[in-house]
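Labels run A, B, C, D and E following the written order; every chain starts at residue 1.
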């Protein structure tokens, strides 16, 4: 292992920006984990698949609307449609998960481990359904009609490759415009969500339920609705993350969620699980730390860096950087 | 009834002379953030005594228990057990030194049998580890046998030996309370702290419990009792300490306490005319 | 009758927390349940607000059986509760807590809502002073006021107060009870659960004494205030 | 079970002996319903025995002590790599000497990981252990000294007993024809010759390890240690206040689990003769956990059943290859919903369930109070 | 031999060679199925073509290892216990080869791997081991030579995917290029975001980037490198020679692929490509031609009257014919005796041949 500090210091600004861009995507996915954990105290292991389905919704939309031949206003319109498609798909999957994999268990007050097992199972099912979409569509004789969308589902990355990603320079630092878009929109979404949870009636209901479900129900908050709401918001944010991810990387496959999900959960724990701002901070810190670490140690250590960071933070600050609190808006 | 004083030497043979001080709570203050849960509380328990700790809800009784058993660490002050400070000791160390307790809302090990629950208590004095269990070394056998015998005795003492193989969760409420006391006694304590043992009992059960507490004391244990039911407290204790807002407001024999105006005010509230 | 409880039995597992109790709360009154710890007072309130299931018996609110209504829907019917131990949302500000109280109200943007907020802040001037403070940083007494104010924000027909004086200094207790009387005089029916018998009985129209899950005595508050049975229920001794 | 325990002791011993005999003879019997059509039955049975070991070890951690470990494969990897390094890559130790070292190394790594992390809360422990498992794998991938992705081959094998050509004697397999059962004298297993193509001796080795660990499990569970684990799992604070040094016992459970995991890894490496990081993916940690939970955590017979199912079913039904993971996922969801306590839960859990049900009825559909039990909703 | 086994006697009668089977050993499902599929199809094509003319059909039995060495011993043992299997196309990966190799060697089942390139596999003394393609040690120097002599790149950045194939290859290229290497980085398989690597490449400003790895990562990597502003030459090896690499669209243009496989300008290869596309509706992917060759060696043996493993092993060892990919002849370690490495370029969305690397 050679330590390459010279490269690191020479390229610090660029490394930081690309790290922030990926960290922003972590953060958006982390929101789903953190919201559900805040309210239910369980790890929604299948959230990674919520994200993965979003990437496919985005991909299929731009394929179907012919983004490859579009430009200007037309392209922007297609991208907006793709954003909504990704958010809708992720939201539907998240709500479906809540309904099928969790609600029966929550109703029965099942032990946490069981909920985790159910989530793992649901995660396998969702990923495999996507991975086998060519076979499954084959059963209905649709594989020919849908060949562009389903071909070699388990094998290939599905790529769209329509966007130019112009770069520009500020003070000698070369920056990708996509990275800027990703960071800005992710942070904007987080701020929006933070305000929603802090200020809106439903947001307060979620916080109240997270703090004290029993008392919240005494205020007239319907816990089932609230739980649905958290899954919905987590799903929508995962959809946004999926859209930005596709914008940045252009490719997805049925397994893309797994590692990203683990990382996003790490980010959530890092920031303090249950804490929305913690998710943002955790995501960004993780993204930057990974990038910096890769620069110094070599890219092969990326995941090790993430996990070592997680272990260290938990040992020093067991509740994460900002502490756990979905309810405590200002703690 | 078997003579329990003859059992495990560490269990019952008093080290301090009878009548000596077992526990001394010295100027203990405990704060949670801005809230002062205990404010300069001091009291002593003598060997063989039944001391009642009473006070209205939120007065700091259970907090006091938790400070004594090591759950909370006092902000200031000292707690001496048999003359030595136990501040900062781990919970299990304090138990091994000889303070055992029960819980306000029963905390048995629900999926273990009654016998196993008590065995966990007796294990506090045992030292066999994994290897001696694995090779069934003589010490392991001896300790298992002793522990088993002692546990059965305690169950019999509590009158629940017929339910030794029932899961703790399956026992009736009263039996669960009794089992909790048996488990506490099994750890071989000198001081037993009972946290509202009568909660949820009907009057007949309460009378039975009073007798039981006296019997426990007669076995050589010292008892610290938190209880809301005044009939029971007045009936069974030798001395009572009254807390209100974390402060000790009275101490004395039951009869004195009952007529203490401060205590009555604390319990029944004060009329506005009196207050102003 | 605003609230009628008939033959109510509630269990915690094997424990019969409430054994066949019946009482009613007439509209416009303050009714008090008193009794020692573990007598079943809090359980009764929780059952009325829907947090505990009923083993037997019925609860009628304005003549309708509400046994099957979910707790969050009972709020809409007009049952507000200030729970035992206050249970303020400690991570939220005072204002947010009060807004949570009005969660089910649809008129949160209207003058009626602002009037109610002013009324509550008028009752509890301390809350006005600390309107943007995080609830968790306030003293016990202030949190108690907040819990009561929060319950009032739902405009309840029936206000359930669970041990509002618990753990409070005598001066504050005084204040809290004065406010309870005032709330009642403004037209809200109150069902009060208290340990502080002297104060509570003095201020209530009707009162019931609970002992180990049963009502052992009922009567006018003023009468029970001088009844030796009350002292016995608390301090033991023969009646 | 109940009937079994009522039998006199000699009968019981006889029954257990017969069961064990049957287990040892299984690969020779080649029972048509059990045998795997597309994969070597004895090799599959060896894999099953390794899964059984792993499940027993993980059951100590998860089932007994209640510690959620999502990185158990890390200890398995440490056992396997230690053996590989000592017998092939950086040394030429005999296997029988390397295995004890491997399990001790695994155990020490359990202590090193457990000491700082067992103080953090349950869910965090899950994610920290998950990270640990991945760190172990990635370090193996990226470290030349550990062979990188190329892996390590020619790992030591157990010593042969007797002449390598024949062994002590040869054991014939059965051959099932149409309605006839024959001794197949051409298809034989050389007794205790550890070659490459005959997995039967390895299976016997694995099964022996399972039996030994099972015995140890029974002895430990039924002692002060086992009680301390269970008490800690049920109510950590109460256990502490009853004089149980809970941290010490959690660490003990964790390192005992690591010990067994390391043993499984060491045996696996020896049979495989080749390892690379691919055998230690996070997926395996999840499979192991699934084996424990599916079978019924806390019940050693249940987790054995779970391990059998998780290792055997995919091999038995290789025809469904493409849909294996999908079916597995569906099974997990259904199981969690319909039979959350596992297929073969501990008897006491069954009793507790019944009680819970009764209490539910007493309260008329009320949610029972889970004192001290972890629930999905706090 | 024994009667044990699952031979089905369809088409009873005929001569003994009628019950013979070949096995494919490698991933058919699972994560690595992407690399398994062209291999299976290549071998299947050879078998189908053989069966079209032959009296007795040869069956290709697929042993799905999912690419995992864990499953390899059980499957290998299953293969060796079925006496009708007299040759194995595979194992596909080096890992499973290492795990299954000793078993095949012990029972004398000849194997020809179309894709496992780890050089050490040939050093185990397994006489049954054969390789239908050049190992990393033969292809690496050719790639380095091409970079030095043909591209004349003055600085090269070497990236590998930490897989044994990619890391092995990149290691050799790095060594051969010596001072020309201005930087290295290692990515992980399944990684999707390469921003740190892109920054490193940008910092080093190399004239060329060599990537040792498979097409899944290469496709994403070249896209991100191009987006990051890299405009030098992108050089990859046979693991990327797959139509899926063209998904990178414009970014892939101009990429150089080295491959020890004869270009389809050769009529034999062109026939193969046409037949393959006719059969499976897609262009031949990575290692499809090698698998086709490997299967054909066994099929030639069967045609020649080979009926058991021993004879097959002898036949394979003595084989010397021109195949689709190369002159097929094995040295005593089982390595191909005659390896030619060719260069290919991505031009106008197709992989076109660029001549042999001498």
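In this text, a residue touches a chain if its C-beta (ideal position, glycine included) is under 8 Å from a C-beta of that chain, and two chains touch if they have at least 3 such contacts.
Worth saying up front: this structure is predicted, and the values here are computed from it rather than measured.
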Chain whose average C-alpha position is farthest from chain D's own: C
Remotest chain, chain A as reference, centres from CA atoms: B
Euclidean distance of C-alpha centroids - chain B vs chain E, Å: 75
Centre-to-centre distance between chain C and chain B (centres being mean Cα positions), rounded to whole Å: 33
Length of the line joining the C-alpha centres of chain B and chain D, rounded to whole Å: 42
Numbers and ranges of chain A residues touching at least 2 other chains: 298, 300, 303
Sequence positions of chain B contacting 2 or more other chains: none
Residue numbers of chain C (touch at least two other chains): 13-14
Residues of chain B defined as touching chain D within the complex: 69-71, 90-92, 95-96, 100-101, 103, 105-113, 116, 119-121, 123-126, 128-130, 133-134, 136, 140, 143-144, 147, 167, 169-170, 183-184, 187
Residues of chain D that touch chain E when the two form their complex: 37-40, 42-44, 46-47, 138, 141-142, 148-151, 153-154, 173, 175, 184, 186-187, 195-199, 271-276, 278-279, 315, 318, 321-322, 324
List of chain C residues in touch with chain B within their complex: 13-15, 17, 36-38, 137, 139-140, 163, 165-167, 169-171, 173-174, 177, 195-200, 202, 212, 230-231, 234-237
Complex interface listing, chain E residues touching chain A: 29-31, 33-34, 37, 162, 185-188, 190-200, 202-203, 216, 219-220, 223-224, 227-229, 244, 247-251
Interfacial residue positions of chain D with respect to chain B in the complex: 216, 219-220, 223-228, 230-231, 234-235, 237-246, 252, 256, 346, 348-349, 351-352, 355, 371-373
